[in-house]
Amino acid sequence: MKLKIGIIGAGRIGRLHAENIVTSIREVEVRSIADAYVNDNLRKWADSIGINRVYENHKEIIEDPDIDAVLICSPTDTHSQFIIEAARAGKHIFCEKPIDFDVKRIEEALDAVDVARVKLQIGFNRRFDHNFRRIKEHIENGKIGDIHIVKITSRDPVPPPIEYVKVSGGIFLDMTIHDFDMVRYLTSSEVVEVYAVGEALIDPSIRQYDDVDTAIVTLKFDNGAIGTIDNSRRAVYGYDQRVEVFGSKGCLITGNDKPNAVEMYGQDWVYSEKPKYFFLERYKQSYIDEIRSFINAIYEDREPEVTGLDGLKPVLIGQAAKKSLKTGMPIRVEVV
Amino acid sequence: MKLKIGIIGAGRIGRLHAENIVTSIREVEVRSIADAYVNDNLRKWADSIGINRVYENHKEIIEDPDIDAVLICSPTDTHSQFIIEAARAGKHIFCEKPIDFDVKRIEEALDAVDVARVKLQIGFNRRFDHNFRRIKEHIENGKIGDIHIVKITSRDPVPPPIEYVKVSGGIFLDMTIHDFDMVRYLTSSEVVEVYAVGEALIDPSIRQYDDVDTAIVTLKFDNGAIGTIDNSRRAVYGYDQRVEVFGSKGCLITGNDKPNAVEMYGQDWVYSEKPKYFFLERYKQSYIDEIRSFINAIYEDREPEVTGLDGLKPVLIGQAAKKSLKTGMPIRVEVV
Amino acid sequence: MKLKIGIIGAGRIGRLHAENIVTSIREVEVRSIADAYVNDNLRKWADSIGINRVYENHKEIIEDPDIDAVLICSPTDTHSQFIIEAARAGKHIFCEKPIDFDVKRIEEALDAVDVARVKLQIGFNRRFDHNFRRIKEHIENGKIGDIHIVKITSRDPVPPPIEYVKVSGGIFLDMTIHDFDMVRYLTSSEVVEVYAVGEALIDPSIRQYDDVDTAIVTLKFDNGAIGTIDNSRRAVYGYDQRVEVFGSKGCLITGNDKPNAVEMYGQDWVYSEKPKYFFLERYKQSYIDEIRSFINAIYEDREPEVTGLDGLKPVLIGQAAKKSLKTGMPIRVEVV
Amino acid sequence: MKLKIGIIGAGRIGRLHAENIVTSIREVEVRSIADAYVNDNLRKWADSIGINRVYENHKEIIEDPDIDAVLICSPTDTHSQFIIEAARAGKHIFCEKPIDFDVKRIEEALDAVDVARVKLQIGFNRRFDHNFRRIKEHIENGKIGDIHIVKITSRDPVPPPIEYVKVSGGIFLDMTIHDFDMVRYLTSSEVVEVYAVGEALIDPSIRQYDDVDTAIVTLKFDNGAIGTIDNSRRAVYGYDQRVEVFGSKGCLITGNDKPNAVEMYGQDWVYSEKPKYFFLERYKQSYIDEIRSFINAIYEDREPEVTGLDGLKPVLIGQAAKKSLKTGMPIRVEVV
């Protein structure tokens, strides 16, 4: 019998998961979707992919006894509350990142999950990306020995609207948070101290929201490794997502995915394609694979590949980075 | 209202098209599938993707008034007959390559299509590949000026079973035929003469079937360009599919797609991934896109992107190549 | 004591060898240089690099008892005669390619060398190139097993002046001859049959000299391997020199050398450098290394790395290619 | 008339410069060489490249009225003294980096140079490397707009002997100092603050000398840009020297130079070459070009391309990095 899923939040990411499940994860049924703003467009879309139940109130999903699991794709400030509600209703939970900006609320949510003994997976989809997963495999197979240096380059093609910047929690909590998760994933080690520098070089006006658009974060890990992450809100050549892990026996480097493998030799240059434009196309397959992994964790009754703790830790690192940027000092990451 | 499709032939490629339509081309309904050998496995698979009608006799599809179009995925020796039947029944037709090995039978089939004024698209899926399509675009945009030299490398990872070799029509009609189509597609020009050399270097036993497993074909085009295709039945490093077009103003080269972009720097070498293993994964998206293109040609009532003539021409080139290999002489390609 | 060398012919290549020896092969002394046209410019240049003896008559070098070896860098039609004279005088000989266009004269020259028991090395400098040498090493170490297919791309950045075309012997004897040598070097096998196609696509006027500027030559080797060479007189993006050897256990590919390793990511493309412009810079080091190898063959009293037979064979292949182009038929290569 | 040069210090780098001049910079004469330890080996070597005067006392060079310029290649602790002596004697000076570890002594040396109005060039040879120079050109031509982020990876293949570590001034002053110079060169901007993290991951015993073998330095520039440098004393795959400059209009990245362009496709991997092994081969041409540039500055009576201030600044940055590592705090770079 098919697992039945309800999706809370029908924005871009909620719809993406719905469509991915319908087309690619046929052992699951999307039974219902809820969104605070239901309109004809949403109903029509839901109908087109065969979702019959569209609710304004997410509780209709949480209280539906036929639902096995929920995907929480609503705004960040609802995540911890919805996790708690879903956990108490005995539903397995997939929740988009970040869980919350407030550590206490995250901990309450994780407690509720523990008590209810349901599965909780956090939406760090990049862990399922073919390039990063391959790097992880090589590390685990001992191909590069002990890790000495980790480097991540993560740059967006265009800055988000200023309205988003105001509420996003800042660059470290909305953008670098993916990289904080990635270094934990790749190194299997915890970040103990961060030092952040940053500037508003693309749009100085965001300085008024205590934010920057260009940043470098230096990291110390508990196993002695060190690392650096560099971010920019605007790489004119597209979405730049590279990782390098240097170890005692070698080095792993992944470049960007490109839309095609064509090189054009002309009179002045050899031309090749820019990286894939943005995260939806770049990480397309990873969004499918993370849900498949979540479904399998339920079927096989095992711990999800991205746990609640994995959701909490990057928030702690991000908050330390914010504090470092503000104070100009290296900051220890809070231990939980 | 959805276009209704019937699929004739439920082998690997017939099933692939069925699954692609179900998951990715939602504006079409796969109404029925027919195969000479229906068994439980087939029924179960059909059921799992929502195809309710499974027939032993393809006529049940061709005579079904609700069917708008058929995909002919049955063995090659049935293609021309099924095209004729489907055309007479007024169905649009997508037919796998090659149409036939017999030019006269191909011509009869194309005549039937002409008379019935239905759409016919041939399954040269590589025309829809992202790399080759990009090369075609650059050529059409004049990026490399006039074409002087075309080069194709096309090598399989493993030779087919000897049973297949016996009936496949030989390397030029089952393997190089894709490359013959590709050079026509890229150059928008016709091949007028071929010269083929070949050897049985991988498995000498295929010599008894007048076939080879390693071949080079030299081509002359009607616009003065020249070209070369090299084939091998076994590249130990995987599926090798490269194209190069050299012109008066530059050169276009496409390498292979790789499963990931990771490089591993070790004590002795820098290691990177081999090409994607074989055609189903390498050309995955092109199979979807060719059907989408066929569907659009029907909806928009325009000529398909791969016509009946495009199905005939590579067979003529392939037969000239066979004759060249046999005689050791360059052979003019028959004009139709 | 230093080996004493005389250089016959003070054109571009004669001067290049002189300068290379003076700067990089310090165990040798360039004692004298001869050229049919001695002027102030030549005397000044000779003086600047410390060559004190400049002659109009090459016999002054050949008859100089202090000379150990001569480099023959004069026009092709003098090569065989000068080889004979130098051999009879007991001098070791380095001779630029081709030895001659006339097979009989080549054979006479090789006979004279045999009789005199002097060393003769032919100037196929590309055998000493770092890329091709590495491919040869890998082949000899069995890295790709048996050779099945050899492919060479060899394209010049600009066509030679029409005056050169008239006397050069044609594209196969002045340009492809390097590639004919390369396939023999890489495969350690002989070419037994060739088929050539070609067109005058860049400058139709060269057709009046029975020449072409764009060509593809298909090759059969005596070990069963097959090959293809493609040439153009004008690649707008520079000097294009690539080799691919495909075998039963793998494939070796060398791309072009580039002036630097910089990639520029811009709004529209990723830009990288074109290949090095032309043969003097592309093969710079190989010119030094071939002379060093010749010198070592003398010091160590062993056979040079490029023998007289290596000078004869490519001429035979080139003549077969010319005949193939003219007749439109595959041509057996003459056996000597 | 040829410029006459004396070389002080006949260690590896002194001999390298001597040989480069003799073979490649023929408009200059190496008149003499001095070394505190003269032995037969040194005399023999000097003789072999035509240097007739070999002294134990560097003053014989400085006091020789025929000498126009000196190359100071002696141990670091002699540099500032020898600069002062040479300047007072009116000789132009090329001095290896670093000038000194003591800022006051550097300033005294620079003062002496100013007073004497002689040329002083510091041996930051990497500024003359083909890759980095190309990046600089693109930046100056506005290709990437304003600089936002600079990244340097600089890793050695093997750690130096522990004896060297004891006296080298530490990783930031013997290794990273090149990178500090490079960021100044590329950005045309000054480093105002640094933050350094580092560990002894390769050989813990160097901790006793207050040194590390793995380090990351974060940089703030006076134009608002930020940067990061990562170093390791041991990259098992060879010498890793990469630079990336990200700006408002694009990004420049240079990879490593490789010994050849061959790729080997095998059953398991695609293999390519590791970077060139170490600095002497990697930066071979840059050592020639820096001396040529110095000579030209003298002939053309213009400021050298690497000034005394360029020698001082990286020392100040290196000292700030040392202090940052020790204190765990970001440190302002001293302004001079």
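The chains carry the letters A, B, C and D, assigned in the order they are written, with residues numbered from 1 in each.
Keep this in mind: a residue touches a chain if its C-beta (ideal position, glycine included) is under 8 Å from a C-beta of that chain, and two chains touch if they have at least 3 such contacts.
All of these numbers come straight from a predicted model, not from anything done at the bench.
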Selected pair, greater C-beta contact count between A-B and A-C: A-B
Most widely separated chain from subunit D, with each centre as the mean of CA atoms: B
Subunit A-subunit C separation of Cα centroids, rounded to whole Å: 58
Geometric centre distance via CA averages, subunit B-subunit A, whole Å: 40
Subunit B: positions in contact with at least two other chains: 235-237, 240, 249-251, 265-267, 273
Contacting residues of subunit A [partner subunit D, same complex]: 146, 148-149, 151, 153, 155, 195, 197-199, 201-202, 214-216, 218, 220, 224-228, 230, 232, 234-237, 240, 246, 248-251, 328-330
Interfacial residue positions of subunit B with respect to subunit A in the complex: 23-24, 26, 48-49, 130-131, 134-135, 138, 143-144, 249-257, 259-267, 273
Contact footprint of subunit D on subunit B as seen in their complex: 235-237, 240, 265-274
